[in-house]
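There's a structure below that I have some questions on.
Should a chain be cited, it is by its letter among A, B, C and D, assigned in written order, with residues numbered from 1 in that chain.
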Amino acid sequence: MTLLDVKDLRVSFGETRAVDGLSFSLERGRVLGLVGESGCGKSVTSLAVMGLLNGATTSGEIWFDGQELLGSDRRAVRRLRGDRLAMIFQDPLSSLNPYYPVGFQIAEAYRAHRRTSRKQARAIVVRMLDRVGIPEAERRARDYPHQFSGGMRQRVMIAMALCLEPELIIADEPTTALDVTVQAQILALLDTLRAEYGTAVLLITHDLGVVAGTADEVVVMYGGRAVERGEVHALFEDPREPYTRRLLAAVPRIDRPVPDRLETL
Amino acid sequence: MALGAPLITALTGQSPTEFHPEAIDPALGGLPKGPWGGISAEHPLGVEPATGRDVLARVVWGARLSLLISLLATLLATTIGTVLGLVAGFQGGWADMVIGRLMDLLMSFPSLIFMIALMSVAPDGNRELMLVAVLGLFGWPYIGRIVRGQAMALAGREFVEAARVLGATRRAILFREVLPNLTGPILVVATLSIPGYIATEAGLSFLGVGVRPPTPSWGQMIASAVPWYAADPVYFLVPGLFLLVTVLAFNVVGDALGDLR
Amino acid sequence: MIVYLLKRLGAAAAILLVICALTFTIFYIAPDDPAQKACGKACTPERIEQIRDQLGLDTPIPEQFASYVRGIFAGRTYGTGSTAVECPFPCLGFSFQTNVPVQELLVSRLPVSASIAVGAAVLWLLVGVGAGVLAALRKGSWWDRTAMGAALGGISLPIYLTALVLQYLLVVVFEVLPYPRAVGLLEDPAGWFASMLMPWIALAALYAGMYARLTRTELIGVLSQNFVRTARAKGLPERTVVRRHALRPTLTPIVTVFGMDLGALLGGALITESVFGLPGVGKLAADAINSSDQPVILGVTLFAAAFIVFANVVVDLLYAVLDPRIRLGAS
Amino acid sequence: MTPLLEAEGLVKRFPMRHPLTRRVTGHLTAVDGVSLTVRRGETLGLVGESGCGKSSTARLITRLAEPTGGTIRFDGRDITTMGEATLRPVRRDLQMIFQDPFSSLNPRMTVEAILSAPFRYQGLKPEPGQIAELLRRVGLRPEHAERLPHQFSGGQAQRIGIARALALHPKLVVCDEPVSALDVSVQAQILNLLRDLQEEFELSYVFIAHDLGAVRQVCGRIAVMYLGTVVEIADRDELFAHPAHPYTAALLAAVPIPDPRIERARPRVVLSGDLPSPANPPSGCPFRTRCPRAAERCALERPTLAEGAPGHRVACHFPLDTSLGLSRDGARRAGPRPAKGAP
């Protein structure tokens, strides 16, 4: 069943077109990778789905579980946000408010959509922090973002995104700011939790390796459009579009003999 | 128009000087003849009560002096602030500590009271230059602090490291690499500090320790209008509005420069 | 932390000492003879000699300065024998004009300055920060442009002009307010309010402009931060996003600027008090300067500097309290 | 022939200060006894994750930072404590390329000025046409000389940075993360360019990156760093085929490969935990807190770099002796990642 259906999305900031007629759809519980180089419009797309674009002209349709979001009133979209569709951002340090303890920031997300006492919310926060692998969750909930490492902060963001068990998570470059070994941890965690909650994921990344290991389907973007889309194995094994092929060839891979020169676009 | 205003006043300021047309004075209280502070064809902005001096001439002459003093003070403060701010921010360590302390000290002065105290005991010689010196002395730390912060930020930029790797001397880095990147912010801060100096100079003259009486100045004119303000409001409004418009003009220009960047 | 506080206070004291020394020296390079000043008009050479002796003006300048500083901490006695005058801690000397101890003058003038400063501060915080927040939230709107234009006008207003215009309109023309006079808040609250209203407005017009501009810039900056986007992504109502997530980081730097401004004003609003004829610390300074009352000038300078310097320390501590990153240190 | 660069026991310690009180609260050891040699004409790679000290090492080698301890010999001379004036002529031979292509170019200078700076700061003058020739060599056009940095793309800006480093025909170029701010396609161009220029100018590189793929593409020998120390150093092919340090193995295993079949079938070692703070490093082996093979000895005794195979040195009490060593071991611990989504 289709959970998210984006039809002919166009976003522009003044004269610049960031997204130029993009369409894709995502089934429940599946992972869709949106890949492309910087400026291809992938992040703008994610913000458009969340209704978080400011000062942009948007047209097209974004259907979420049978509800069109672009045309809906702001309050209805706001109610969905955080509850049924949640987001994980690239830079966890700047994405958390430095003035409040992380536990408060997670509880706040929960209480924005569910009527609960502070105490109940607190218990849920501790459970979530524990669930994402933060040791001593009870104590750490009172700590501030700057007291965590990069990987731990991203775990906090994941706990925040998952605390209401949303149907869709949009992860915008969730591991780009992290080191490879920590990236592996976070990807593994996301994968486990996603499977457990049955959450669909829209994964936005520039890293073809991350997509290869995580996504079920892939949309390759260039200049605000989808240049190629397909099931992950098919796309990587037999890319149809020259752009996709060259993009793949440009990555220096550690599992193949070292080429004399890398393919360039 | 706001930009042109100070320029125009300065230009027309060349012609009229102070006069004492006693004729305009009625013996009764020394108030100017006629309504609106004695505005007439001869005296488009009225005359001074008691002396009958032409207000326009005095305002315009006052403008010349106010602008000259504040521009010179800005130049002085900007030069000191830029050089010391650059050195403090870029060199760090010992130099930064000394300069930082000096700025702390100067900014802790109740500067107005201190300036007044200083000006009140200052010799009568060249009070205009004295004003410039005092305004510059207390003004530079504000520019210095901003330049220091910017220089610190730039010192960590890779192009500065690149220059170091190329073997550039400290001075070359400061003046060739760092300073050109600071001209924009310095220009904005300097422009925005001009109105402050105009207002402070007027304030000092208002309090009677700035420019001495025969020489006209806006602050001094307003001060001498205080006893008359109830009977002859035009007399304090004229220099007051000139002051306001000039200060506003510089603020608008500074603001616009800041937005451009 | 305690060590830090002590260090800061030590540095503050050092700054005050330097300011004191500089102010002190200025009067000795001045052409006026302090003894002549202290003596007044009806003066004989013998009398001058006596005063000279009593004030210790014959001793070298560093020594005079030392006894002045000692007097602040331990009190001092001027002269000897029958002419000895006791000046208790914290001694700042006697006014040449009135022979009243300077510290008593300062204490008696402080309530007026404090009334002006605190009242004006409340006014400008309400108006300035309020206008700035609204302008930032409706960036580019009609309100934003009007408020920012007004703010620019406000910061361009010379305080004596505002003061005179206010007084002319409200007192002379429309007769809605009395001429300001020094009334205690407790003796006559209504009279106090009526007297203080004009100084408040005059000062607040200037500061509200500055605060409106500062608040707007800060808030616009904060609103573009990633954590505000996160707050929106959680589905929080916009009001909560602004109030909880944007205002707190916006107000932190404003609080520090405010501390400094209030500190400076408590040491006397010189021009405002002079124009309205209100006997605060600033008026005291203005009068002392006109009559070359050196001990008073010195006293006021130190007093005002002390407020600025200590406001500086308080503001730094406040910053640490408000910002958890500083309070708790880096990880 | 003597090696071009010999760094011996380099240490860099920074005092850490409280943000408000400025009191020194401890010391952060960014580089903790690093010894490296760069032979003439080779490319030495430095890899590791953030905070491992690779960039600090680069800054020590180029004397942008003062070492707390150790010595640096460049081209036969000890440059560790040389003053700026004595060092100036040495700098002609010792250049650097930076990470951020825009930050590394002065925004107020034209390309012409940027590329004449190396000559000017050395008291020289570029010959007519030399700037144009430099531009051509890095794949730009002579008319680009009049433009300002912001008029270029990231890749072009990085080419200008490269041209500047090469202007004086240096012997060694330290490249600090030169491609990590660039998109893959641009990254490939720059990597190719660096390789071409190496041949043309007979350059040696120290190439610093966190991306193992990029490092493998350009480096002959690779040193792996962790928490301020070199934990393993070997020839490229040897290192990738037979990683001996558990950290190297984990690093290799964590690199995502753009092939879903391999990526999903591959046993993955997920290192637990985070990098310890360089201000408070663990006792003994710095990696022991995250190491799957850690034993009692690792907490007590710090392993030193020891030669296993010729030219392959590793600092570990329990090195992996075969190429499969850790992956098998790790597979048992972490289990294979469930392949999913396959139709």
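The rule we apply is simple: contacts are C-beta pairs under 8 Å (C-beta built on N, C-alpha and C of every residue); 3 or more make two chains touch, one makes a residue touch a chain.
Given the structure is predicted, the values throughout are model-derived calculations rather than measurements.
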Omitting chain C while every other chain stays put - resulting connected groups: one piece
Between the pairs A-C and C-D, the one where more C-beta pairs touch: A-C
Between chain A and chain C, centroid-to-centroid distance (C-alpha), Å: 52
Averaged-CA centre spacing for the pair chain B and chain A, given as whole angstrom: 55
Gap in Å, rounded to a whole number, between the CA centres of chain C and chain B: 22
In chain A, residues with contacts to at least two other chains: 149
Residues of chain C engaged with two or more neighbouring chains: 325, 330-331
Residues within chain D bordering two or more other chains: none
Chain pairs that touch, as defined at the top of this document: A-C, A-D, B-C, B-D, C-D
Contacting residues of chain C [partner chain B, same complex]: 15, 18-19, 23, 26-27, 29-32, 152-153, 155-161, 164-165, 167-168, 172, 264, 267-268, 270-271, 274-275, 282, 285-286, 289-290, 292, 297, 300-301, 304-305, 308-309, 312
Of all residues in chain D, those that touch chain C in their complex: 16, 18-21, 23, 25, 277
Touching residues (chain side chain C, partner chain D) in the complex: 1, 3-4, 7, 316, 319-320, 325-326, 329-331
Chain D residues within the chain B interface of the complex: 59, 62, 64, 84, 87-89, 91-92, 94-96, 98-100, 103-109, 117-118, 121-122, 161, 164
Of all residues in chain B, those that touch chain C in their complex: 104-105, 107-110, 112-114, 116-118, 120-121, 123, 195, 199, 202-203, 206-209, 219, 222-223, 225-226, 229-230, 233, 236-237, 240-241, 243-244, 247-248, 251-252, 255
